[in-house]
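Look at the two complexes coming up: chain A is in both, with chain B in one and chain C in the other.
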Partner chain A sequence: MNEFELLRNITIGQYLPTGSYLHRMDPRAKIVAMIFMVAAVSFAPTILGNACLLAACLLIVWLGRIPLGYAFRGLIPAIPVLALLALMQLLFLGRNYDPASPVVFRWGWIVVTAAVGRLVLVSAARFVELLIVTSVFTLTTRTTELTHGIESLLRPLRRLRVPGHELALVVTIAIRFVPTLALEAERLMKAQASRGGRFDGSRWRVVDRARRLLPIVVPLFTYALRRGEELIVAMEARAYTGGAGRTAYATLQGAPRDWLAPAAALAFCVGMLRAPFPF
Partner chain B sequence: MRAPLIVCDRVEFSYAPRGPDGLVLRGVSLGVRPGEHVAIIGPNGSGKSTLARHLNALLRPSAGVVRVLGMDTRDPAHTRAIRQAVGMVFQHPESQMVATIVEEDVAFGPENLGVPHAELRRRVREALEIVGMWEDRDRPPHLLSAGQRQRVAIAGVLAMRPACIVLDEATSMLDPRGRDEVAGVVAEVRRRGTAVVTITHRMSEAAEADRVVVLSGGAVLIEGTPREVFARADALREVGLDLPAAAALASRIRSQAPDFPRDLLTADELVEAVAARVALAAVTSAPGRAAGPVPSTAGSPAVRSRRPEEAGGTRADPARAAGPAGDGPAIRVEDLWHTYMAGTPFEHTALRGVSLEVHPGEVVGIIGQTGSGKSTLIQYLNGLLRPARGRVRVFGHELGHPGADVRAVRRMVGVVFQDPEDQMFEPLVGDDVAYGPRQLGLPHEEVRARVRWAMEAVGLSFEGFKDRYTFTLSGGELRKAALAGVLALRPRVLVLDEPTSGLDPGSREDLRACIRALRARQGLTLVLVSHDMDEVARLCDRLYVLHDGAVIAAGPPRAVFGDGAYLAAVGLAPPEATRVCQRLRARGVPVPADALTVEEAGDAVAALLRGRP
Partner chain C sequence: MLEQGQGGLSTRGIVISAVLAAIAIFLGASRLGFIPMPTGINATIMHVPAIVGGILEGPVVGGIIGTIFGLYSFFYATTPMFKDPIVAIVPRIFIGVFAAWTYVAARRAGREWSAITLAAIVGTATNTVLVLGLGVARHYLPSRVAWAVGLTHGIPEIIVAVIISLAVLLSWKRVQKREARARV
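What follows is the complex of A and B.
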């Protein structure tokens, strides 16, 4: 309907407050658990293993009391990519991937082996699993919890000169500026359209649309730099001199049972690595 | 007298390393005492903001000394203590928020000071309660209004327990309601004994201070109580400043009635002085005539629908009733509705059945509080939004029609948005003004001719400005360049959203003159959206008053502003001069209730005082 409001509804780290166990969990435990789950996904090349992972994902969605449809909504825009990936694999991998595998389908130059078939299923399943794990994480974690969690987890690395506080601050400010920049982009587009610039055109002519967005990128960049500079002065004015000597307003108080989740995730991850899945 | 909090002693400063020509501050001496309220005023480029940044060691003087609580700002060892003692609030509410939620942003300053956790919590709560934002503590800043964000910024400074707060044009991006919010907070802060330094373009804000410092060309021009400073009207006008409206009115009266008291500063004093003189005259000349409120005899009353809530339902169509008869309207809006994010929990109806007409050659004003639907409405006037419910017709183009030629409409109706920064796409002024004509695919010579014409029309010399970088322009020049960029399309209607907000009085008057000239010379039709009622009263032929998405009154400024009580009910107020007249009438002084300008009101009162016109 409206040619300009495409950016307004960006929600990074969309949060869905249902007050579940996952919502109340210490973000540090949640981050660690998520890392183990992602590792488990990466180490599971078998169909049976991925079936287990999908079941685990459903369990996580249930733990977070997230409506199933909502959890899968993020998948919809990914479907064309998934389909394209599968098609490419089916068409072009042929005998190059695991030549010993038996051929199950042959038509002209197109050859599909059992190994390729399995690969298609596994890569699609992995994609879905990753998406569910990460979206459940953002749906149950506020951005402030995320950044405090990162900061707190990186604190032991300070001796190695890993600037945990600065990294967390960078993430916070980046997230904080997303809606600001989205609104500014909308204003710029409207101002350009008012002076004869064009942003309309078919949704499907992707290249054309991208080219038309180009003229707003430079002014948007200038705007971001200017706001950034002002922010630096404002931060200095509030006595900011870096992480040293700062105290923290938000505190993370993890109950011991919060660490059950990463422990379970670790056990699951090791189990996935060790389990002798037949196929 | 207590020891001074801040002392500036012959401060000199230049941004370029040691260049005597580039001095922004030329020996400024200034003191701020504990609990004092100091206003710093001056035209654009007089060094106000540069001076402000010296007060908490964001900048350090090239020569001279700044001491805060005795600490020299040049010594880095004191920096943290100085920044704790003197907090700053900046102009742009957008770029001083660090965190993604309100309470963590307020905590940022004390966190930097290393305040222990329990104390931190207490301070954040206290600061948010002072500014009245505790309820909103876990909201993200981008969902707050600009006024609320400035209050949060003030809370962020208060949580550091400063001895002084510096507000650097903190209200210039705000609407009247936002300004009132911030003014309320500042009064509360002062009541608690914190010193306040206000840098402002609004003379009425400066009049509230204990002391006013006028900067010009990097040096202190005048310093004194508001009464002393604003008594020197000529000196102020010479550097592009002005008087608060009430003081200007008083000075106008005095120029014609020489025995009228001098040094009147506020509307209260002015009303008292006039009422006292009139009562005295009544006693001496016509004893026995009781003074009472003068019955309202304001000219033709504004056409209005009954009540804002009902306006959506009853189609009184104020547009047609108030519009002058003649040829067809350039723009006609009929029963327009607009809903943002329909079908989501964030659904919000911004327009509820708005109807209006703009006739060729007139100047139409649209006024209303923030959130009343003004900015949504103007986006319909050039087809940025297309009507889903209701009709918008622009020079015969039906915008609701899917096949309407929107590009043609945008050529005929030029919109100049509020923030000129959003409208400059090219680094050089000339290129930027040429953006529109180039989009039209005009030949090079024609583009050049149009750019020249548009720049000269707004008073920017083509040769002098075409190769200037846009970031080197002053606020007023930037507005003019943005205006020229739209004019280069040769529109027939010009829509101006807050054309003069944030400018100093001199550039404001300059830009208004430029708008008047455009109308007179080019025969442009104008739609003006503004919070500045004085501006609207001076420039517009007709007004529409929006409230909560509906037109609740329409008519000539005299009729709309004639009824102060009605406007107050929707959060608006007539121009200051009109308000003074209306208060005088309530006290029984027979002056017109619909005098719009300082000149008109001043002449009427003076005539009365001189004894019977």
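What follows is the complex of A and C.
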């Protein structure tokens, strides 16, 4: 019966309460700091720069008092994919990537340049760094803090017609709806199975597998849209008029020291992108 | 019922974006949205909610659903290519937007089912082309591999997306017009 247990196996944003500085930090500051760190990691092109970023990521794990096993949980299943990516880059990029770079290895048609070698290391390091940044963020931030943070950060953009409150509400409703959909999908799968339906099958029988998905996915869409219509009526019956003039029971009150983290992340981001690393 | 507009997003827009984004998240979290292919890489239907949202409520709603799908795929990615925000988030924003524009343009010229089919093709192709294109631009994939993946996975994804979009939207539009009736 395990294949029908969808609800139990779905986790969105696992929170690990350790009461650290990162946990207590204002979510707005944490979101901004995360964006700067992601930008720094995404655009750092050198090995030395990525080594510094990796050290910074380990510092973040220590600051959040997250056990290393949690922060690196996604790494072990990804090792075969990382190896495949490195192999593809080494085999196929060759002289197409930075033709001026010196050749360090040549065997038949396989040509590996110094630039390709650097790219392989930078791609792998970037994956590990982004894995740590996103894991630490989700492990230290509750989903309610996340939506409050998004709403508060987007509030100044209201004059540009960016609906911050509404976007935060979309995220809140979406997260709330996932378990409801999982329950409905479980019910649909059991209903199909009781009539002889099957959901497994060989990787080679693609059409069959896709066809088996339809009796689950199509009613799931209809169910979600129908529940959506009910919610629209419920919200309008209660005179929901959006975020303008709305006050909140819980307001975010960040201390100035909360903003040290995004300031440090910004300085790090600018430093990483402008520092003249030799390799 | 009178629609209440608020900052460019109505109550209907908020709720439909949310429930369809929830389907995208659910399809990813439960792995139901992945169809294993003989190549070892999975084809996906996680982008279909963005297409359905774009067709039902327009480009803004389609864009929001795509963005949430992109953010989910970035945060929970297990492969290096999708752990890059430029590859995981940026292309997904445009799935629902392009599907919505295609639907509006095709609806003026033709019938409902052909407009939905065209929108689903354009939406899925947007996802495939932009993800693989940015994957090549960010040096995760050599262009030859990207072409091979695009052809072997893009076409089955388009076929499945068209079937699901047609089945969902044609039946839903009948429900809304109160034409759908129980047969027993």
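Observations on the model:
Definition applied: the second predicted complex is superposed on the first by the 256 of 279 C-alpha atoms of A that agree within 3 Å, B and C clash if a C-alpha of one lies under 4 Å from a C-alpha of the other, contacts with A are read in each partner's own complex, and residues count from 1 in each chain.
Just so we're on the same page, a residue touches a chain if its C-beta (ideal position, glycine included) is under 8 Å from a C-beta of that chain, and two chains touch if they have at least 3 such contacts.
These numbers come from a predicted model, not from an experiment.
When the two structures are aligned on the shared chain, A:60 is found in touch with neither chain B nor chain C. Shared-chain residue A:236: touches chain B and chain C both.
In the superposed model, A:40 lies in contact with neither chain B nor chain C.
With both structures placed on the common chain, the touch criterion links A:166 to chain C but leaves chain B unconnected. In the overlay built on the shared chain, the residue A:89 is in contact with chain C alone; chain B does not reach it.
Looking at the superposed arrangement, the partner reaching more residues of chain A, out of chain B and chain C, is C.
Of the two partner chains, neither chain B nor chain C is touched by A:139. In the superposed pair of complexes, A:123 makes contact with chain C only, with no contact to chain B.
With both structures placed on the common chain, the touch criterion links A:174 to chain C but leaves chain B unconnected. When both complexes are overlaid on chain A, the residue A:187 reaches chain B alone and has no touch with chain C. According to the touch criterion, the shared surface of chain A, contacted by chain B in one complex and chain C in the other, consists of residues 9, 169, 172-173, 175-176, 180, 216, 218, 226-228, 231, 233, 235-236, 240-241. Every residue of chain C that touches chain A in the complex is listed here, in rising order: 1, 4, 6-9, 11-23, 25-27, 29-30, 32, 35-38, 43, 45, 48-49, 52, 56, 64, 68, 74-75, 78-81, 83-86, 139-142, 144-145, 156, 159-160, 163-164, 167-168, 171-172, 175. Remark: chain A residues 1-2, 4, 9, 142-144, 169, 172-173, 175-176, 179-180, 183-184, 187-188, 190-198, 200, 215-216, 218-219, 223, 226-228, 230-231, 233-241, 245-251 touch chain B in the complex.
By the touch criterion stated above, chain B contacts chain A in their complex at residues 53, 56, 58, 79-80, 83-84, 87-88, 90, 92, 94-101, 103-104, 107-117, 120-121, 124, 140-142, 156-157, 160, 341, 379, 382, 384-386, 388, 406-407, 410-411, 414-415, 417, 419, 421-425, 435-436, 439-440, 485-486, 489. Per the touch definition, chain A reaches chain C in the complex via residues 6, 9-12, 38, 42, 74, 77-78, 81-82, 85, 88-89, 92-93, 96-97, 119, 123-124, 126-127, 130-131, 134, 137-138, 158, 161-163, 165-167, 169-178, 180-182, 185, 203-204, 206, 209-210, 213-214, 216-218, 220-222, 224-228, 231-233, 235-236, 240-244.
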